[in-house]
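Got a structure for you, written out below as structure tokens; questions coming shortly.
Labels A, B, C and D are assigned to the chains in the order they are written; within every chain, residues are numbered from 1.
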Amino acid sequence: MRTKLRYGQVGGTLKAFIGGVHRKAIAINEQADLVAGCFSSSNAQSNIECGKHYGIEQGRIYPDYRTMAEMESAREDTIDFVVICTPNRFHYEVARAFIEKGIHVVCEKPLCFSIEEAEELCRLAKEKNVLFCVTYTYTGYNMVKQAKELIQNGEIGEVVDVKAEYLQDWLMDEVDCAESSGKKLSVWRMNPEFSGISNCVGDIGTHIEETVSYMTGCHVRKLAAMLDRFGHELDLNANMLVEFDNGAHGTFSCSQIAAGHYNGLAIRIFGTKGAIEWEQEHPDFLKVTLKGKPTQIYTRAAHTSGHALEMNRIPSGHPEGLTMAFANIYKSFADALLNIINGKSNDGSWDLDFPDAEDGLRGVKFINACVASSAEGAVWVEI
Amino acid sequence: MRTKLRYGQVGGTLKAFIGGVHRKAIAINEQADLVAGCFSSSNAQSNIECGKHYGIEQGRIYPDYRTMAEMESAREDTIDFVVICTPNRFHYEVARAFIEKGIHVVCEKPLCFSIEEAEELCRLAKEKNVLFCVTYTYTGYNMVKQAKELIQNGEIGEVVDVKAEYLQDWLMDEVDCAESSGKKLSVWRMNPEFSGISNCVGDIGTHIEETVSYMTGCHVRKLAAMLDRFGHELDLNANMLVEFDNGAHGTFSCSQIAAGHYNGLAIRIFGTKGAIEWEQEHPDFLKVTLKGKPTQIYTRAAHTSGHALEMNRIPSGHPEGLTMAFANIYKSFADALLNIINGKSNDGSWDLDFPDAEDGLRGVKFINACVASSAEGAVWVEI
Amino acid sequence: MRTKLRYGQVGGTLKAFIGGVHRKAIAINEQADLVAGCFSSSNAQSNIECGKHYGIEQGRIYPDYRTMAEMESAREDTIDFVVICTPNRFHYEVARAFIEKGIHVVCEKPLCFSIEEAEELCRLAKEKNVLFCVTYTYTGYNMVKQAKELIQNGEIGEVVDVKAEYLQDWLMDEVDCAESSGKKLSVWRMNPEFSGISNCVGDIGTHIEETVSYMTGCHVRKLAAMLDRFGHELDLNANMLVEFDNGAHGTFSCSQIAAGHYNGLAIRIFGTKGAIEWEQEHPDFLKVTLKGKPTQIYTRAAHTSGHALEMNRIPSGHPEGLTMAFANIYKSFADALLNIINGKSNDGSWDLDFPDAEDGLRGVKFINACVASSAEGAVWVEI
Amino acid sequence: MRTKLRYGQVGGTLKAFIGGVHRKAIAINEQADLVAGCFSSSNAQSNIECGKHYGIEQGRIYPDYRTMAEMESAREDTIDFVVICTPNRFHYEVARAFIEKGIHVVCEKPLCFSIEEAEELCRLAKEKNVLFCVTYTYTGYNMVKQAKELIQNGEIGEVVDVKAEYLQDWLMDEVDCAESSGKKLSVWRMNPEFSGISNCVGDIGTHIEETVSYMTGCHVRKLAAMLDRFGHELDLNANMLVEFDNGAHGTFSCSQIAAGHYNGLAIRIFGTKGAIEWEQEHPDFLKVTLKGKPTQIYTRAAHTSGHALEMNRIPSGHPEGLTMAFANIYKSFADALLNIINGKSNDGSWDLDFPDAEDGLRGVKFINACVASSAEGAVWVEI
């Protein structure tokens, strides 16, 4: 019986932020070893140095992802899965290359830029029978799982309203032009070549959509979105009205110019019998209010059940943080993959508790709908 | 020189909640004595008992508001102003009667139900040269005034986004029908006869509009509103996208079915250089963030200036509460009225720092626009 | 049956802060009218002007408290109670004068300076059968009453630990001498002539003792106190270990030099089955945790019972504030006094729910014990 | 130039909590590889299985720590440092064995049980010139480092008062005996054989002492401590008055029976010019108040400098959590060790920013003083 997996990484040099988060999240779980990679296809020396520092043998440090997919799939001890941390615009082609070789995939979000590409990846993954995880980080938090558990169990009744937001302030200089003259303002996120059709909604708005979907099981059916560009090519701020498939209404807001907010994903779900509220900046806590009762503060590890309980790693009151949320997603993925590899039939004792290509596709559709709505004056658009 | 005013009240029996708040707010200021009134025109005995308990001489306890306006305006020691706390549907006619006699007016919100009536009251008040105050309570809080002061002084730059909400939960039973069968659900607020065309937006949504207007000086230019009625005649929940006259965007939400929220008016103003946030349930504090700097917690009496400073009554850290916010509105009104009566010209050393009939009119327009937008499927409507 | 009381005030000119709070608190209740007073014995003109502004007839504005006690007690329509808001050092003699005439008393805290005087007032009040209320403000808050109710009902089991503090920062300049040179530092509170043997413990430490006693029913049996004077005659900061009469332990801290704290009375009671926490700066909420369960946020008017429920004046979520806490104490006092005057026997349907002379005496003993302990190097001292 | 270190671990089976935290913290840094170990000396099979799972070659999985120290020190590619995660009572002997072989040491806290042993380890480490890190976790948090930085820079002036506490609730059943009958109450922490002379102070009280020392540079000079045992052999709750070597006073409290607190280390430092407050359950934030100014909320990565800035790993608003604090300590240790190994002289460009054996010794003295004070009735004891 296998107890450890082998994986490779595409992207993720020593200096790259998100690639490091992936490796650390995997390392924390002690479930998989990094044995192959192509960390940079544009800089051969950096590629090799990185590989060496990560302890990879020379022969498995590849010059490009196609070679890597080719060579790895031909080995006896092939990697079990690949982690894709390239710039967003390459996600589609890299993912496709590995799926076609039957190698399981973990891909950074967004899955890709166009709905067609996303649908193609969904189709292929199904056809090739590979697990495909899209790392929407926030679904990995224990208390997000606890919220899902409570809502599924009917604790707050039928969902009737959702208020969710994701506020940051790191692009305020882009709006406050008077002060920023002379500063180098352009960042890759605001360049359509790198970010596609949306900056703010594409980067963080999509996290709102996925986290709410994960928590509630409700998906946005139509929306009216107002994107603010402040003279730039892409959006920096957005507000939207949403209607879910169960008829519930609500608002989504995302911003990169909201002073005093750093990574303020905050979700509030209102039901007929109660409400649940969660904030990413204080992720180990959940506010749960049942009709007429005092609000209760659920605390990670002290008041958790189901997947939220299984994922507890350190005692209550010891903050787990974002890297652990990431690790949780990898744990769900690796647990499932080990079960599959070890031939454990899915008899209900385990499930696939991570965001997949279908979630990635829904995210791409959401972004497209927002941009389309805003272009027409924030009219209502169906997804 | 007059230092004390005389006033009368219409409505406000011993059992009535809001009428008592008005009397207490006035009593706290020690600037005016209650000397006349018509507390109930439907119950003569209650009317007289109330009057006596309030210490009013028999001859100035009137059977109806018309007689009161008539008789009082004929006296030498006529009341300086009247406080109108009747059911909302009578506001218009009562206010009109006193304005016509040249008696200054303080009226509970909403000013009235129709735009025509509101415009008429604005016109008349101007013509008769009477002060007309509409008691939008929350504009009385010191830290709301401090927010206004900071925004006027340009501390947060140009306003670019506003997120405001007013959440309550006291009508949850109206939605959760399964559980509430057998309970007496109907409340007057949900009856159009008493509430006009809107319950939730009319009662609390309008406070959002006024408080934001007061703080920022920005007024809603157009909006798209989604009102939820859950099978009832009037709305219990609403979400809207708004655009202000300076081009800023944002969201307004109000609800009477949001579990865990009691009187949750919360306003966040985002500007090009910073942001200001205020919550009614913790009214003595203001979060102020300047771009790139740590969020600062301004505290009443410790970090106040301008009108916010003038209105401080007790030292910082001693909560002042809602009744004091009410008293602040009355203080602004009474200060101005005493200045006028004492012939002090408005040379810039004082101003009219209270919501007036124009604010009341704007509120009525706002409510009408919300209802119209929602009826057409949350389309955009200009105000 | 009497429904309204008559009262007089000693001290409390227009400029005096606490005297105004008393009048406003009484006015809010609409249970008593101010009909007599001696507002200043040192400034006859101010005395008369104040009396007039408050609407008192000339003949009942007295030049000194002795005359007032004499004359009022001789009238048919004598005042039912007197409110004493003089400087602290006069409390004893003024209170004594009115008690001796059989007039009920409400006295600002501290009751007086010496244990002997306090014992004498207790004895006299009992002998003369007068109600004697000492206005320890914080016992008037609804959620302090709710805490008492829950503890009395055994919700948190046996009290085993208490952590309480009262932090302010308004005397920081007194410590930071380098910066304050040239500033006028001396304040009356730091002068033994006006404050007695303690400044900080005497002013605010005693509120800790009383509020904890009121909530828990536990009284401090012995303590070890460290008072910091920073070169001044009286203390500005204090920390103490306490042992209660039931064996529970804990810490009390009070300070006037704690930056960032304005009126930070915060009390945490730990029991064998749960805990209760309350903060004066957010007085409408109570944190209640039962062993193993999520912390619950009790909210005034939404989750109140007993006296806490009776005292609710405005709906939940509308902050009541300090003046309302004061009004609650007066309501308890006036309700009781009306019951007595109207001959309603104390059959268990009502009680004396306000701090009395015995509480005042215990406070004086507490202050004395703190000073004695600290003088000997923070040794243990029995109360 | 070496860029990676080799390390071994003593203790830390797959099931052991704290051993895993150490490995994960090291893995996150990607600065050291686990190459040797003795994970269990009592269970040979578990020892070997663990070693294999961690990827260690068979020959470097040792049956006991003495053999490991012996064999490793004899290799060319000897481990650079050892991580000691055994039960506390073995810390001394294991640490001693490795120091004597000149191998650098990272040891879990407490360093050991007796002052003599602690002094011996300090002496030996100095003599053998080995780095000795004691993993007082909380000194690793960025905002604890930021607090230290601000205090060192004089931002809050001279420290005059410290209020610190560490509250948990996981041993409430031990107090509430009525309810717990029949439950298995005994835990190893309450057994002197495993915990030495103190449970609560020894486990968590010592973290207060170290974190305050690290932040302020002030050390406790004398204390009066009241330890509560509730009928057990060791303490579950403690309150103390402390005096620091600069004359500042304050209180320390620690508890394992404080309902509603999970890992509530909270430290407040009051100075002549301001105050700083930090809470472990929300570790990425720091409250900083300068005299007369609004409290500022410093946020990790947004408002950090010095070591606090260097240690930032992920952007502001993304919680880093406890494991990252642990990783920070290891980063400081590994950076220093690499500097030493690579012969980089300590020219002021780097320092030893981690708790060392001297801190461990001071912790042992603190625990002893607390127990001695309490035994005599909470008398004052010098450290």
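The working rule: a residue touches a chain if its C-beta (ideal position, glycine included) is under 8 Å from a C-beta of that chain, and two chains touch if they have at least 3 such contacts.
Just so it is clear, the model here is predicted, and its values are computed rather than measured.
Undergrad: Suppose chain centres are the mean of their C-alpha atoms. Which chain sits farthest from subunit A?
TA: It is C.
Undergrad: Consider the two chain pairs A-C and A-D; indicate the one with the greater count of contacting C-beta pairs.
TA: More C-beta contacts join the chains of A-D.
Undergrad: Centre to centre, by mean C-alpha position, how many angstrom separate subunit A and subunit C?
TA: 55
Undergrad: Could you put a whole-Å number on the gap between the CA centroids of subunit A and subunit B?
TA: It comes to 44 Å between the two C-alpha centres.
Undergrad: Taking the mean of the CA coordinates per chain, how far is subunit A from subunit D in Å?
TA: 34
Undergrad: Can you list the subunit B residues in contact with two or more other chains?
TA: Expected reply: 292, 295, 299, 302.
Undergrad: In their complex, what parts of subunit D are in touch with subunit C?
TA: Touching subunit C from subunit D are residues 156-157, 160-161, 163, 165, 169, 172-173, 175-176, 178-179, 224, 226, 228, 230, 237, 239-241, 243, 249-251, 253, 255, 257-260, 270-275, 277, 287, 289-292, 295, 377-378, 380.
Undergrad: Where on subunit B does subunit D make contact in their complex?
TA: Spelled out, the residues of subunit B in touch with subunit D are 288, 292-299, 302-303.
Undergrad: Quick one: in the complex, what on subunit C touches subunit B?
TA: 3-4, 17, 20-21, 23-24, 27-28, 30, 33, 53-55, 168, 170, 261-264, 280-284, 299, 301-302, 314-324
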